[in-house]
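What follows is chain A paired twice: with chain B in the first complex and chain C in the second.
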Partner chain A sequence: MTRSRDPLVSLGRAIVVLVALALAAPLLALDVPFYASIPTGVATTGVGAVPEGVSLPWFEALVDVRRFASAVDRSANVALLLSIVFVPLLVRFRRSPRAIVFGACAWLLAGVAGAFVCECSRPSHDWVGKVAAARAAGQDVRAVFPPLAFAPTTIDAGHGREPPSARHPLGTDSIGRDVLVRVLYGARTSIATGLLATSIAVVVGVLLGAIAGARRGLADAVILRLIEVTACFPGFLLVMTWVALAERTSLYAVMTILGLTGWPTIARLVRAEFLRQADLEYRVAATALGAPWWRVVVVHLLPNACSPVLVAAAFSVSGAILAESGLAFLNLGDPTLASWGELLRQGRETGMLHLILAPGFLIFVTVTVMNRLASVLRDRFDPRRCEDVR
Partner chain B sequence: MGRYVATRLLLALPTLLLILGVVFAVVHAVPPVPSVEIDSNVDLRSVTRQFRREFGLDLPVFVNTRPWTDVDDVLALLDANDEDAMLELRRFAVVPLLALSEPGQERSIEAWTWLGRCVPEDVDPREPETDRARKRERNSAWAIVTSRSAAERVGAAREFVAARLDHYAPQGLDTVRVMFGETQFATYLGRVLRLDFGVSVHDRKPVFDTLVGRLKYSIGISFGAILLAYVFAIPLGVLSALWRGTRKDAVLSAALFSLYSLPSFFVATILLRVFTVGEPFSWFPPGGFHSARGFDAMTPWERVLDVAQHLALPIVCLAYPSLAYLSRYVRSSMLDALGSDWVRTARAKGLSQRAVVVGHALRNALLPLVTLVGNVLPAVFGGALVIEVVFDIPGVGSGLYQAIVQRDPNLILCGTLLLSVLTLAGYLVSDVLYSFVDPRIRFGERSPRVGTERVR
Partner chain C sequence: MNAALLEVEGLTITLAGAAGAVVDDVSFRIDRAETVAVVGESGCGKSLTALALLRLLEPPLAIRSGAIRFDGIDVARASERELQRIRGRRIAMVFQEPMTALNPVLTVGEQIVEVLELHAGLRGAAARARAAELLREVEISDPERQLDEYPHRFSGGMRQRVLIAMALAGEPDLLIADEPTTALDVTVQAQVLDLLRELRRTRGMALLLITHDLGLVAEMAKRVLVMYAGRVVEETTVLDLFERPQHPYTRALLAARPALAKPGARLPTIPGVVPQVAHYPPGCRFHPRCAEAFARCSQAVPGFVAHGATRVACFAREESR
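Up next is the complex of A and B:
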């Protein structure tokens, strides 16, 4: 079998492309120029005046709470800036899965931390309007904008509900925001929900599953009951209720509740794997050589329980993405974030095909990729099923 | 077997209790408010107070700490002039207020006025007769106290309270009873045990009747969807098992896998757009369970057709994820069966392909499929929520959605409980059926259901 025919490679590529698009959204679409050189005059006076002289406003806008109201967006922005450091590092150590996992986690955490450290609030500059006005007045203005000079919140007055055109490649939504831009930024919402909900589920699930499997006895009985109870929790209903009743809808609540109702599958798998390996000779040997129980768990049992957890985590990501877009589709999404489900809701209300197909297709692709990844991994890890693989 | 079922049923109780507790906490994290038109000339304060009394919202949610109210707490309320909080403390404010009303205290007159408002109790006709009798007795005794002269009344009030100290200042075990018993959650649980799920905040109708009235629509589309899923899944699964390893199988598997990953609200939106609004087709009505007008005048046959036309799209949307999942299952259990010894024997004795596949392999492969009803049922019921909202079907799911949007606590709680009971019942039925189908199964831990769970 040649390498290129391995489904994992193409799935990995698809995931990298999706994440890259989500991260690079401000690089492709923002109403702030990367570089601007503004002379005194039309542009520096009036409402939305921009600072004169040479400046790099794009970088500042990335951590501006007025332009990016949600911390999810700002964290992704900082992560985008940090990609200059992390992408070469990840490429350099691409052969080591452990380095890639730790590198990706460090990247993510650095993005979140950076967003909180650097956050700023600037007066709103109308770069697009002012630069255009100054150009019309014949001044020597230099400004380099991203390819699409719209922010996800920019309302293009007079261009509402438009089908795709040269100005808006995927048309506009019902109040005149660019659909392509919102689809790009919506990828962040989906991926962030999938990642965080799954991380919570994995952390809680592995911890409790490991305790139950390693300690047995009372702890096992208690955790097993907890698993049974939590598995019956109507997670989506709980999220809906919380989001609808809370004064301010927030994505973090959604992620947390989805994570806290999603861990039983993972805990069950980890526990089952621990119980299966309890009698294997290598584990008995480790204990016989005098390793304490926690060392046996961390060094021997956990790495072997990794594979079923990975499969369940991939399914959990697609489940969380579906839940997030479903909530937004029911008008219960976070209003400060662009979301695929929210665009789809507008499509349902207006009946405009570009509003239905663009976000729907992306949800479909993302969910398919994650589900396919899960089933490929499952077949890969389970030799008995291998002959059944397509 | 009976013991196993009994254990499972017993275990279901704490599960339901915990689910109810969590949802109760979420629902009451923000107290519900009465729906009043903004411009109407009602006194919002008194309406709110009456509303809170009516729905028992004047009690603490989970833990009642009011027996520990002391003079400082009451003084703080007096300073803040918080009428609502003081009246909600009610009998637990009496002892501190009495201490403050003693002659010589700085705010005795103010405290006495409050005492006069906190002691008298409303007699609620819904309460048991003994409680009402006690309340009437206290109210009449208090009327005598207040009829005394200003010099004597504080002393009389002291005697009044001292004679009923277990009511105004509970001691020992009574404190524990008040702490956990006189709460919203305990009151609600008590009502649920008597199968009284309360009334809706908005239309004051019993929520249980509302939901049960909606159940027939939900059951209609759910069972339609399950039936459709099985009818199509079995032949598709068998064909793809027979075509194993060919291009046809690859295409079919890929198609089914994509179908499984298609979000149903996306498909529903597309179907609505393409088939209902007349651009390009107008084959189906845009929503509802049956035609709004003229339905009563139809003959029974026309009614069936009308309902079928309304339900075709929602049933398809609800059925296809289960269809994709079930057909994968049929395919793998068919492959198991086709590779078995008895099928080889059947072929060896010269049976036709048809007899081998249908008579031998399929019969055995189908048995475990029965048990999957338990897996599919909760998925379909959960998925029905979004589909019912999109297609405007008046089922349980859309009722629950409305309740959530309108913040109707009793309706949300009852709906959640209903769905949880159905889910638990589905799992139990699935496990019990499994033991009938495969007697080798011993009851213990269930195998993990990775990948069969869908959020909706």
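Up next is the complex of A and C:
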């Protein structure tokens, strides 16, 4: 079967673009120069003074807890730096899906670990202001800023609620933050929510589903009850309750709750797949050849459950992204992170179109892409539709 | 008489919810490097007996009583860990259905390597090389390349050979082959049989051959167990099986061989069907279909009587002695 245009390829590309934008956000938008050469004088004194001499402040800023309060941002920043290693590796092994999955996971984990290992806290340098001041004073200042010299938290005083302009390509929000910059960083929030919530759901779901399906008996009965009970909790309402009770909204809590309410779907799928395989001889054959039961589960039964789990995971990602946007829209989001839903809320409050269009479009595209991916995968894995995909 | 490799005594398998035993009081022995065949119609409990030897029965099936001694090990009472050391390494099994006995999502190589990792202590390149060697041994051409193929690319005959290769990977002392050739066409069948014979000769491996093909029995085995409805009705040598069959069921089986039928004539059959587990008749389970049956056959279970090298469980033979 030859298909001229494989929907998986275009969906894959859309996801790669989205992830690339999210990762590259500080490359495109940050109020810290990549390279700076500052003489002693105006810039090195007063409030927000910057260090003199030649420096590469952008790199340090990536792990600065004052600039990036959320670990989500810092992890993404470290991952951005590590892309120098991982992107060539992934391109090199792009033919092997297994290598891509392992590579992507390693990249992600390295980013998170890196963010925890190296973090720093610098006094807040006002690079943009000081460089401008020094230039105005006629000093020989050299500084290379990202194309948009704003951080997601930078408030451009006197430029609040502006429609798109040369200075702010997508305008500013109600307190003067650049919308394009916040849209870029908002992609990180969305992706992080989708990933963490789904990972938790997948890990818990696969574990419990596998135990239920493989061990049967009492374990199965207990887990089935647990599935039924958990499936009764509406995840979104639970999150809202939590947020209402907690003093400060943390994205992690939100993601964890979404994950812990989302696992029953996956557990059910894994269990069903195990029960289906119960009648197939290779399961007994593996035992007959001396494999211990856990090995039969991990090596022989789980891989067969991969496809339905993958489909459910894709749906779960889009669901989590939607939930995060919804929370932020209700003003219940994590205040340390830029979010598409939060921009939408401002748009609704002010009625300004430029606050609605870009984030609305991105939420729509992301959720559509993930849902489409899920349904394409489902069709692809359906043995009746296509028997020779592997 | 030296110690048998495998000795089964009074093996009884029950099915939860059914009154009679599915496999009832089965006893036999296999010596080293010996081939024993088990024959009988479909549903007579051959596969269940084989599974029981490796303690692979799962609820609702269970071993109720009986002893299984393998090379000094009490398999019937062995712990799960002891079983893992026996399965694949001392006793290996080739399953009946080549289409479902291989895992569709793992390559053939991965599945053979798994056994090598478990039992031969081989890993990585060494395991792969040995896997290719095993494939060559079961006469699969271009083994290096086939290692990376998924089972669905293989024909039934090739899968059967892969299964045999997997069973051989642990270099077992006893190979249980459950209808190893039913799924194969005649030429492939002959190749697989040659292979099994060759392996038995070169490795000194004992073989428990389960089949309902009497031609196969004649070619491969020295001793034969005839099973009917979960019981052994006759244990005999191959020679006596064809020359002097004793049990009425054995005789009927022999008479029903298609090879004996005249061209164009209806194939001879044994009247009636093998009863379902729930409907096993009392007494000799064959008596409703037996031409020689008399009153006693439906009242008591016949014990074994010896006729030379043959043991037969039949009241009619008891009297003719």
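Definition applied: the second predicted complex is superposed on the first by the 380 of 390 C-alpha atoms of A that agree within 3 Å, B and C clash if a C-alpha of one lies under 4 Å from a C-alpha of the other, contacts with A are read in each partner's own complex, and residues count from 1 in each chain.
The working rule: a residue touches a chain if its C-beta (ideal position, glycine included) is under 8 Å from a C-beta of that chain, and two chains touch if they have at least 3 such contacts.
Worth saying up front: this structure is predicted, and the values here are computed from it rather than measured.
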Superposition on chain A - do chain B and chain C clash or fit: fit
Touched partner set for A:Ser10, first chain B, second chain C, both or neither: neither
Partner chain(s) touched by A:Glu281 [first = chain B, second = chain C, both, neither]: second
Chain B versus chain C as contact partner of A:Gly290, first or second or both or neither: second
Which superposed partner A:Ala312 touches (first chain B, second chain C, both, neither): first
First (chain B), second (chain C), both or neither touched by A:Thr153: neither
Winner by number of chain A residues touched, once chain B and chain C are compared: B
Chain B versus chain C as contact partner of A:Ala244, first or second or both or neither: first
Lowest inter-chain C-alpha distance for chain C and chain B in the superposed arrangement, angstrom: 20
Residues of chain A that lie at the interface with chain B and also at the interface with chain C: 388, 390
Interfacial residue positions of chain A with respect to chain C in the complex: 280-282, 284-292, 299-300, 303-304, 306, 387-388, 390
Interface residues, chain C side, partner chain A - complex: 51, 54, 56, 58, 80, 84-89, 92-93, 95-97, 100-106, 114-115, 118-119, 150, 152, 163, 166-167, 169-170
Parts of chain B lying in touch with chain A, wherever the complex brings them together: 11, 14-15, 18-19, 22-23, 26-27, 29-30, 249-250, 253-254, 257-258, 260-263, 265-266, 269-270, 272-273, 277, 279, 332, 335, 382, 385-386, 389-390, 400-401, 404-405, 407, 412, 415-416, 419-420, 423-424, 427, 445, 448-451, 453-456
Touch list for chain A against partner chain B, complex: 224-225, 228-229, 232-238, 240-242, 244-247, 258, 265, 268-269, 272, 308, 311-312, 315, 318-320, 322-323, 325-326, 329-330, 341, 344, 347-348, 351, 353, 356-357, 360, 363-364, 367-368, 371-372, 374-375, 378, 388, 390
